[in-house]
Amino acid sequence: MINLRNDYSSIASKDVLQHLLKKADKKYVGYGLDNETKKLNQLVKLKCQKDVDSYVLSGGTITNVIALNKMLTNPYDAIMCVPTSHINVHESGAIESSGHKIIYLPNINGKIDISKIEETYSSFIDFHMVKPRVIYLSNSTELGEVYSLNELKKIYSIAKKLKMYLFIDGARLPQALVKGNYTLKDIASTCDMFYLGGTKLGLPYGELLIIVNDELKKDFKYLLKNKLGLLSKGFVGAIMFNYYLENDYYLSLAKNSQNQMKKLVKELKDLLVYPVETNQAFLSLSNIAINKIKNKIDFEIWEKNSKSSIIRLVTSFDTTNEDVTSCIKIIKSVA
Amino acid sequence: MINLRNDYSSIASKDVLQHLLKKADKKYVGYGLDNETKKLNQLVKLKCQKDVDSYVLSGGTITNVIALNKMLTNPYDAIMCVPTSHINVHESGAIESSGHKIIYLPNINGKIDISKIEETYSSFIDFHMVKPRVIYLSNSTELGEVYSLNELKKIYSIAKKLKMYLFIDGARLPQALVKGNYTLKDIASTCDMFYLGGTKLGLPYGELLIIVNDELKKDFKYLLKNKLGLLSKGFVGAIMFNYYLENDYYLSLAKNSQNQMKKLVKELKDLLVYPVETNQAFLSLSNIAINKIKNKIDFEIWEKNSKSSIIRLVTSFDTTNEDVTSCIKIIKSVA
Amino acid sequence: MINLRNDYSSIASKDVLQHLLKKADKKYVGYGLDNETKKLNQLVKLKCQKDVDSYVLSGGTITNVIALNKMLTNPYDAIMCVPTSHINVHESGAIESSGHKIIYLPNINGKIDISKIEETYSSFIDFHMVKPRVIYLSNSTELGEVYSLNELKKIYSIAKKLKMYLFIDGARLPQALVKGNYTLKDIASTCDMFYLGGTKLGLPYGELLIIVNDELKKDFKYLLKNKLGLLSKGFVGAIMFNYYLENDYYLSLAKNSQNQMKKLVKELKDLLVYPVETNQAFLSLSNIAINKIKNKIDFEIWEKNSKSSIIRLVTSFDTTNEDVTSCIKIIKSVA
Amino acid sequence: MINLRNDYSSIASKDVLQHLLKKADKKYVGYGLDNETKKLNQLVKLKCQKDVDSYVLSGGTITNVIALNKMLTNPYDAIMCVPTSHINVHESGAIESSGHKIIYLPNINGKIDISKIEETYSSFIDFHMVKPRVIYLSNSTELGEVYSLNELKKIYSIAKKLKMYLFIDGARLPQALVKGNYTLKDIASTCDMFYLGGTKLGLPYGELLIIVNDELKKDFKYLLKNKLGLLSKGFVGAIMFNYYLENDYYLSLAKNSQNQMKKLVKELKDLLVYPVETNQAFLSLSNIAINKIKNKIDFEIWEKNSKSSIIRLVTSFDTTNEDVTSCIKIIKSVA
């Protein structure tokens, strides 16, 4: 069975596991006080060309919640984001459980409608209402779209004008970097805090949280510990991310997933529901067709309708030419 | 430098990493819906001889907080534990940050004074006060002590009498099993929920939470997601714990650490502050002596005093004969 | 200046204050353990014809949050309500600050679109999402509308079918009782918990929370204390509500406000934006007209637009014939 | 029956209720935007001789929790106080429920052992532990003791040195002012935030929270709303506190309670367990004696022992000469 269900279906890139094995003879200090973590911190500063702080966390939801908690210092501080945001729909209320309200920004597909940010902000007028404090966006988005560098700059400048923070959920940031043709340095110039995902691109776990704004750096490790995100073997994450970043290994993984997606899309473009920007494609197929292929390809049904439905195909760091060729053949035989 | 600072200084047992590599070609369903997780769940039921539920979490603090949150359904529900408990001292207020008060049980060293549990419980009399709801203990304790099976049974029967839950923090449970000469089945018969630590015994991360009491099983995955503990690549943890449990691999790791500790203690027994039960030893040394050895052995200063201080030595799954022999030699040369 | 800004602009009905004075010589036990509270509890049972529990709290927001907290036992439990709900817009994120997500029900003006409840419920499918647990509605609504008894019965039966709770925010419940022509007994038969507002109808403070569903009664006083709602001089609230309920005094106050509103509306009906059901009227006036009257009548601008805006007029327990006559005259002179 | 159970057993001073009646014809703006609130705010500034902010809340627990929440901006921030503190024992875990840990300061009876503050602070060393952020004390204390102005100054200067806040729980502050012979101005010079209790001295409800430190003033009303403390009829509290403060009416009430206590103590001094400083006395009586008087005097049993127990007598703003004379007679007849 060909697996195009998502990009977190493999244990990890074998290179990463072999690298861990190579490093397994040494002893390291716990809780991020080790040299591999120091090295990572330096490397990230270099990549961002800024004096940023960085931390490795275990997954996306915990990274989102802790990062946002740092920015939302008052209980009446709220997050503005589009309704389809991961934090709004697919984190089982973790944000609200941490004490904060999510308020909605108008959207164009899965992206923020930039022209509406100020108006939305202005509708929160007094102490009976929450105070918008953070703009949250994910890049690439839930639907695989990518913000252009120019869009990010605009949003960031609005955030600054409104004295808000901008946070970028980067669970799939490597995909955005490849597609958007910009760098970690660019991202670090257009937001207050962001993260670079590892779990969805070849690591067994791990998101690299990067704090750009100095106001948000103080005592971050206390917060990490208190909010359940501090890993005792911090050095494992550091070793993995050092490998991931060196020689832009992670970008090569992202490129593979996008190249495979391009091949797929080229042959199946008539079925597409949205334009494909990264490693996700949404296809419309009749329910009869879906039934025929579902034992040959592993995918997710995104939207179930009575006659034809929308399925999602996701390519990954380890998707092969063979996977793609077979997939095209199978789908073409029924579409 | 010999590392006896703690038992979480290595990336992982190489066997475990190699096992991951061997499994790295396959694809797995995310969020614990995979077959390795199913296999683990079955294996744990078998080991416990009970219809328990089980989940892999990333570390000790997050496991403690989420497990306790499941048991503390009302905001006025409190945890009773000894003051030296990890949750009270070394989790940066994570329990209180999750909304619950910790109240103190009288202790004998690091263990609960069992004769005082009911009296303590009875001092909470009305709605102006909290309601004690959970007894928390760690086994082995912060000081490396082990509860006997009989002690656990007594505490559990008091808990049941008071309609409280008993939760066992098992960050170092393998050490207790080896020393106490009892099994996972025994533990599963004397508490409502517990966990079996992996991070402190050869895994790169991972604690295996086991829910015994049926009342605590419902919708646990919702809680895991909401409280930031659900790992998207749940299968990685499952693969590791399947390996860890099969053929009692984990017990063999714990035995090594205790055997090495026994050798160490035999030669250094005059310096001991507490009797040594597992893989931790607390030694009293003059500050002058400590200064002389601190560049040769990596350890923690447990209690700093003006003339002589207490240091802690911890052996690990990968502590070697050589480590021990050298350590003895170094300490003897200054003591 | 005529005050039609809202229904909580007076200290209290003088009858209530005089009643307090009459009772001021006695001593009472604190924290709701007094005889006036017992008497109130009995009276409420009688009025509801059910074995309900009852408590007096200080205001609407704290009553909403504590009542909902009792029903939302898990952190992933969510509230379903219409977007215009007070808890969603005008409580500064208090619900989310207490840890729970609000999800939206489709609405028809300010009322729930009953036909859409089940569909909305069904869209929450797994542990990545929240679990809808409570339906919240206010009666009368933010816009002054009233649910018919039949509508309430329908919503309650859907709630039961979905194993959800139904909570009625009754900050203006007396208005609904008068307009809807039903009683406290009817309300107690169509929900799990509700409250009868006093602050918006002649009391200096006070909402009477009534717990119908037995599952929600246990240890409620612990929750009240822990969540900041337990008043030490509980007897003051009890004395006031005993007076309020006896001989349906509160209904006579509500009737006055609605009678005055009827007179107002009769003369100004051409300006109405919505049909008027209780003591609130929404009028459309040119901004020029608004400017002319704003120093003679105290009201709220509900929706500000470029040429003409919507103003809200609210009558109260102590609105006089003179207030109404003058108000009509003033508005007619500019409209 | 003579009531000496506590100082919150009466509805209110009749003067206060009559004053409310006198003001009941007017209309006021809600949520503290009225002129009575403005007047109160000015009056408090004058009394404190500082540019303080002030707010009326409904009771002690909610005032403590919200005030402390303002000072504890990070979830790992902790409160230091003596173990007998009201927030630690008698608020049903409300502080922890709001997310913060309480850590203990050594005490001398119910007062802080000032010599131990710095040492306690210094034992919290890194990110595994909480950060002490606020010193909490009550004045008068739970046992009726009063801090001297000099003691307060010392504590405040230590707090400043450690970059901590000092918060004074003033549920019975009027008692301390009378006994300690200092003023609101003095208190406002020796802490960052405090409150002046009304509930325990003749008001039906109400605590006047005073914010001295500028850092703590911003957006306080958002916090009040979000954390359930904002009263819609804020003007009622303002009217009461204006009356309470004018001509030092509140001090006259406190004086009466202390004068009555002095008479009581003079005759019963052999039974005293602690020295009496304000309006609370703790007496040791045989259980037989207690049984004989308990139907004639209403009091609290503070500590129940097998033969003789400790009872607490509290005088109040409305305790009469007759109450005291009878009480003495009754107790003398059995002691």
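Note that the chains take the letters A, B, C and D in the order they are written out, and that residue 1 is the start of every chain.
Just so we're on the same page, a contact is a pair of C-beta atoms (placed from the backbone, for glycine too) under 8 Å apart; a residue touches a chain by one contact, two chains touch by 3 or more.
This is a predicted model, so every value here is computed, not measured.
Student: Taking mean CA positions as centres, which chain lies farthest from chain A?
Tutor: D
Student: Counting C-beta pairs in contact, which comes out ahead: C-D or B-C?
Tutor: Between B-C and C-D, the larger count of C-beta pairs in contact belongs to C-D.
Student: Any idea how many Å lie between the Cα centroids of chain B and chain D?
Tutor: Centre separation, chain B to chain D: 43 Å.
Student: With chain centres defined as C-alpha means, what is the inter-centre distance between chain B and chain C in Å?
Tutor: Computed value for the inter-centroid distance: 50 Å.
Student: Suppose each chain is reduced to the average of its Cα coordinates; what separation in Å results between chain C and chain D?
Tutor: Chain centres of chain C and chain D, defined by C-alpha means, are spaced 33 Å apart.
Student: Send over the residues of chain D in touch with two or more other chains.
Tutor: Within chain D, the residues that touch at least two other chains are 75-76, 91-93, 97, 99, 127-128, 130, 222, 225-227, 230.
Student: Taking the touch rule as given, give the residues of chain C at its contact with chain B in the complex, in rising order.
Tutor: 31, 69, 73-76, 99, 127-128, 130-131, 219, 221-227, 230
Student: Of all residues in chain D, which touch chain C in the complex?
Tutor: Within the complex, chain D contacts chain C at residues 3, 5-6, 8-12, 14, 17-18, 20-21, 23-24, 26-30, 58-62, 65-66, 91-94, 97, 199, 204-205, 222, 225-233, 235-236, 239, 298.
Student: Which residues of chain D touch chain B in the complex?
Tutor: Touching chain B from chain D are residues 75-76, 78, 89-93, 95-102, 127-130.
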